[in-house]
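After this come two complexes, each holding chain A, first together with chain B and then together with chain C.
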Partner chain A sequence: MNRRLYVPLMTLVLLFFTFPIIFMAMVSLKGQADISTGDIFPNVLYWRNYPDAFGSIALDRYLLNSAIVASFGALLTLVIAVPATHAIVRYRIGRNWLPAFILGTYVAPPIVALFPLFFLLRNLGLVNTHLGMILVYGVMNLPVAFWLLSSFVRRLPVELEEAARVDGVGYFRTLRSIVIPLLMPGIASTGIICLILAYNEFLFASFLARSQDTQTVPIGLSLFQGDRQLRFGQMAVASLAAMVPVYVLAVFFQRWLVRGLTTGIGK
Partner chain B sequence: MPQTLKRRAPGRFRPSGRVIARLTTTPLIVGLGVFAIYPFIYLLGLAFTESNLIEPFQKWVGTENFQDALGDPRFVGSLGRSVLLAFLSTATAMVLGVAVALLLDKAVKARDLIRTLILLPLLTPPVTAAIMWQLLLMPQGGWLNGFLMDLSLISEPVSFLGTPTTAFLSVLLVDVWQWSPFVALMSFAALQTLPSEVYEAAKLEVRSSWTVFRWITLPMLFPALIGIAVLKLVIGFKLFDLVFVLTAGGPGQATTISSFYIYRIGIQQFDIGLAAAMTLLFAIVVGLATVPFTVAHDKAEDRLS
Partner chain C sequence: MADVHLKNVKKNYGVVEVIHGIDLEVKDHEFVVFVGPSGCGKSTLLRMIAGLETTNSGSIHIGDRDVTDMAPVDRNVSMVFQSYALYPHMTVEDNMGFGLKANGVDPAEVKRLVDEAAQSLQLEAFMKRKPAALSGGQRQRVAIGRAIVRDPEVFLFDEPLSNLDAELRVHMRIEIARLHKRLKSTMIYVTHDQVEAMTLADKIVVLQGGRIEQVGTPLDLFDDPDNRFVAGFIGSPKMNFLPAIVAGIAADGVTVTLPSMNDTPVRTAVPGDHVETGQTVTLGVRPEHFTFRKGTGSPITVDCDVTEQMGEISYIYANTGDGAQIIVEQRHDRSTKDGDRVQTFIPPDKTFLFDAEGRRIR
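== the complex of A and B ==
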């Protein structure tokens, strides 16, 4: 490709990906009259949207709920997936059918699980509880976690584990003091990706979270849509508040995120 | 650790590694069983009975729910739209994503910054992405209308989300905005695994970079690209929240994809039996649409190894 084309093309690409975000940040600083002009930058800075948004919906509560269910959900995913993935890759548990089954479950659209899980959780008294959502999110991301972790496990040198076995070190001690420390970059990448997937999830949350005590940020945001008069400024503020945690993760863990996402490539 | 050795060898008294390894996979298998096997069995039960959210399995109705589902033109239409949207967004995101990956390959300065910026749409909660684009697309105060009017391409504001064709294209656009970064990062990683000597040699021989891409890069990249496309296709059928917030399935049925239609049947009409039958039919369509590509991908990988 022509070198001279690189800069304008890359600028165009970056604009396409970031302009909607920038525009929304600008809308968050506009009063109602300013919004209808369609200009990019606000003519008058209107800060009131910020306190108003936090005042009109329970944004802090939604953020707290999201933090709880997403982080414990991701933790549960890791607790289940790390030992299992290691066992499947190292000991070839389930030969070919188990990996195929795990990845196959990912193909089914989530609507398949929606109503059956609702009835199951209702029978267990777990609808509209954090625990119910943590369980759903913990299990929901297992195929993704397995897929990401398995290529990290495959790249671990097997000799260390063999040496440990020859020395008579027990199974779980080997896992805890050899495998997990070496696997830490993979575990971190997988954890962050599962955290974000759970944080962004909408379908299950909309069905299982029935009140403010459990509703997550995406549900809170969708409630704006029901209003007669759409308060765009406040909507923008609330959306920004929803995105900030994820974007902070992206900036700090960009390398890990990318490594995690792309780990299946070129194994 | 001689002591441990003496105490534990020869290993007869503790279960062998394989047995424990098998045990540690149990929670995963049980978890996925509950998440993926039990729902299908339960849906079958629901689909052959009259059921609502309060009380499932009221009475056996045979195949009535399936007949109702297939006799509902709105549902059949939603299946078509789900398939169309999944394929269109996969194709578009692949082309755009690979182009961005090639561009990223040329980046010398600020690679990390560029990658972080490209990552942002992928990480954005779909609900938020829908709100962002709503702000850009709305007729009053939406940036796009003002921009097109300044260019004199349109004379009065267009209600992009209120017109069937543009509403469908808007859903497609936002989905591509979210997922082409995924394709870009994956293709970029695949690009890094290609042997660089081949290119360098090719670049010396061939002047046109398009020729190098078409006859060298693309063929080598192809197996990885099929894998990425299959993944994107599967993800495309999971779409729900974007439609829920951006267009609520409208105007009319223009953006009503199956998962959204089923959700509405379940939530608004409380007809869980019908919703279950529709879900099973939708799952069959998703299977039929994705399995041939998974098989093609496996074959392509086999040929390589």
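== the complex of A and C ==
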């Protein structure tokens, strides 16, 4: 592309995608009166939002809770999804209907699963516990993990597993020593995507996490909505802070993330 | 004893039958090559012997054991795949020893066996390398090494040389022949390359459409094919087939005429017991069997379309009247040019006749 066109075009694209973040950063520097003007830039820089935001909610605690439930949830997803996807794709278990059924469950609105899950966890004494949320997130993201992993499994040459079979290597040893090491890029990208999905999840967390000990970042952010007013400035500060871990993850694992989302698109 | 016995072996995918009741005996220490065009079922048959494909009916015996329903490992076979199927994340050493280790063989014994195989295949210098850092030929040797270390009763090769370039293919072909001589194991080898089949095999099995067309030594198939398919498949360049009509039956053989070449008569040494005058047949002549000396056979005149000079020999590609092409091999003579009219002779004892169904008339 013509370089003279490239730079302004890319600047426009960059602005388009970063505008919400820039806007949020601007809101984080506005006073309550300034926000209602609707201007993009603050008329007066209002730095008080920063100490106020961190003082009014236990953001560090929410971040820790999110990290625990999202990372263990993603891990649980992988533990189930890797062998399941391999078996379904490789041995055509459930022919075409099982993959379609798995993906179908993801299309249903999550709220339909909320009440059964809530009562199920309550009976098990797992409401308002990390374990309960880990279980929910671990299972909730299975269809996504299956969808992402299946294209990686399909790309793995079947001869590798056949060679192991002829060599007398059992299924689980083949899975551990051949399949999983070769699927590692796919497993990593799937894990990160599931982690981000669990980190951002609001609906289940709002019902299952009832106290500060288990509440996650999205719940923490919603607490800025008071009875009479919404503290936009502080909420913007907390949102920026909540974005940092996800951004760091995305930047560090960009290569794998892109691979995870694009594998299987072309030949 | 590691002879392999297939008895009425059938395979189908759903309603589509791909292997139609094959009976075959592979003797101990024999090198048998399955050859045939793409989709003829040769790889499927090999994979059935390996245990990677189920057998729908019939039985497979290795030695005195019925292995039809056994897992691959219990059959005591090793397989070399077309794609090599080396584990890309493991070193050469680990690739070769993985099967043994996974089966609980003592690590010291694994090392001894792997080193021994590596030495025999001149792989010692590459033991710490991963497959990506090896050339095609080296990867192929590692794949063979991985098969050797388990000391199987039967080696199975699934088009192992098809990913190599022409020069390396010849080299590896000789290495495989040496390996067979040294190990004296039973080997079953699948290829679509009839040169590989001719040079390696003690016995060739020609397959088409999931059926065996003919089984025999390479020279048996070359000299005495049972049908037009085998005659055309074995030999390079392939045999010429010309539509012909039986014109006369004599004690020393049948004479046919070639409608596509102005009814030129061609004498053959084929006995006339199974033909009648006026019957439509196909005359088969190998390119190398044409001669250029008068009195050696029936003369035919061809108009040379293209010549290929190969040095010692040249190939004359000539069009016949019906638009088909015949290939004539000329030795020690480079004088023929494109567009030349050439007279050549067909020796009667080098001709074949096939009936309308493609069966050989003997």
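The rule is short, and it goes like this: the second predicted complex is superposed on the first by the 221 of 267 C-alpha atoms of A that agree within 3 Å, B and C clash if a C-alpha of one lies under 4 Å from a C-alpha of the other, contacts with A are read in each partner's own complex, and residues count from 1 in each chain.
The working rule: a contact is a pair of C-beta atoms (placed from the backbone, for glycine too) under 8 Å apart; a residue touches a chain by one contact, two chains touch by 3 or more.
Predicted model, so just to flag it, every value in this text is computed and none were measured.
Q: Just to be sure I read the superposition right, which of the two partners does A:Ala163 touch: chain B = first, chain C = second, or both, or neither?
A: second
Q: Compare chain B and chain C by how many residues of chain A each one touches, and report the one with more.
A: B
Q: Could you tell me if A:Phe41 is touching chain B, chain C, both of them or neither one (first, second, both, neither)?
A: neither
Q: Pick one for A:Leu14: touches chain B only (first), chain C only (second), both, or neither.
A: A:Leu14 contacts chain B only, not chain C.
Q: By the touch definition at the top of the document, which applies to A:Ile178: first (chain B), second (chain C), both, or neither?
A: A:Ile178 contacts chain C only, not chain B.
Q: Check whether A:Tyr199 is in contact with chain B, with chain C, with both or with neither, and answer first, second, both or neither.
A: It touches chain B, and chain C stays clear.
Q: Quick one: is A:Ala84 in contact with chain B, with chain C, with both, or with neither? Answer first, second, both or neither.
A: The answer is first: A:Ala84 touches chain B but not chain C.
Q: Regarding the shared-chain residue A:Ile102, is it in contact with chain B (first), chain C (second), both, or neither?
A: The first partner, chain B, only.
Q: Hey, what residues of chain A end up touching chain B and chain C alike?
A: Correct list for chain A: 165, 167-170.
Q: Going by the contact rule at the top, pick out the chain B residues touching chain A in the complex.
A: 1, 4-5, 7-9, 11, 14, 17-18, 20-22, 24-25, 27-29, 31-32, 34-36, 38-40, 42-43, 46, 53, 56, 100, 102-103, 106-107, 112, 114-121, 123-129, 131-133, 135-136, 140-143, 145-146, 177, 181-182, 185-186, 188-190, 192-193, 209, 224, 227, 234, 237-238, 240-241, 244-245, 248, 258-259, 262-263, 266-267, 272, 275-276, 279, 282-283, 286-287, 290, 294
Q: Give every residue of chain A touching chain C within the complex, in rising order.
A: Against chain C, the touching part of chain A is residues 157, 159-160, 162-170, 173, 177-178, 181-182.
Q: Can you check the complex and tell me which residues of chain C touch chain A?
A: For this pair, the touching residues of chain C are 50-52, 71-73, 77-79, 81-83, 85, 87-89, 98-99, 102-103, 146, 150.
Q: Taking the complex as given, what residues does chain A use to touch chain B?
A: Result: residues 1-3, 6, 9-10, 13-14, 16-21, 23-24, 27, 35-40, 80-81, 83-84, 86-88, 90-91, 93-94, 98, 101-102, 104-120, 136, 138-140, 142-143, 146, 165, 167-172, 196, 199-200, 202-203, 206-207, 217-218, 221-222, 224-225, 232, 235-236, 239, 242-243, 246-247, 249-251, 254-255, 257-258, 261-262, 264-266 of chain A touch chain B.
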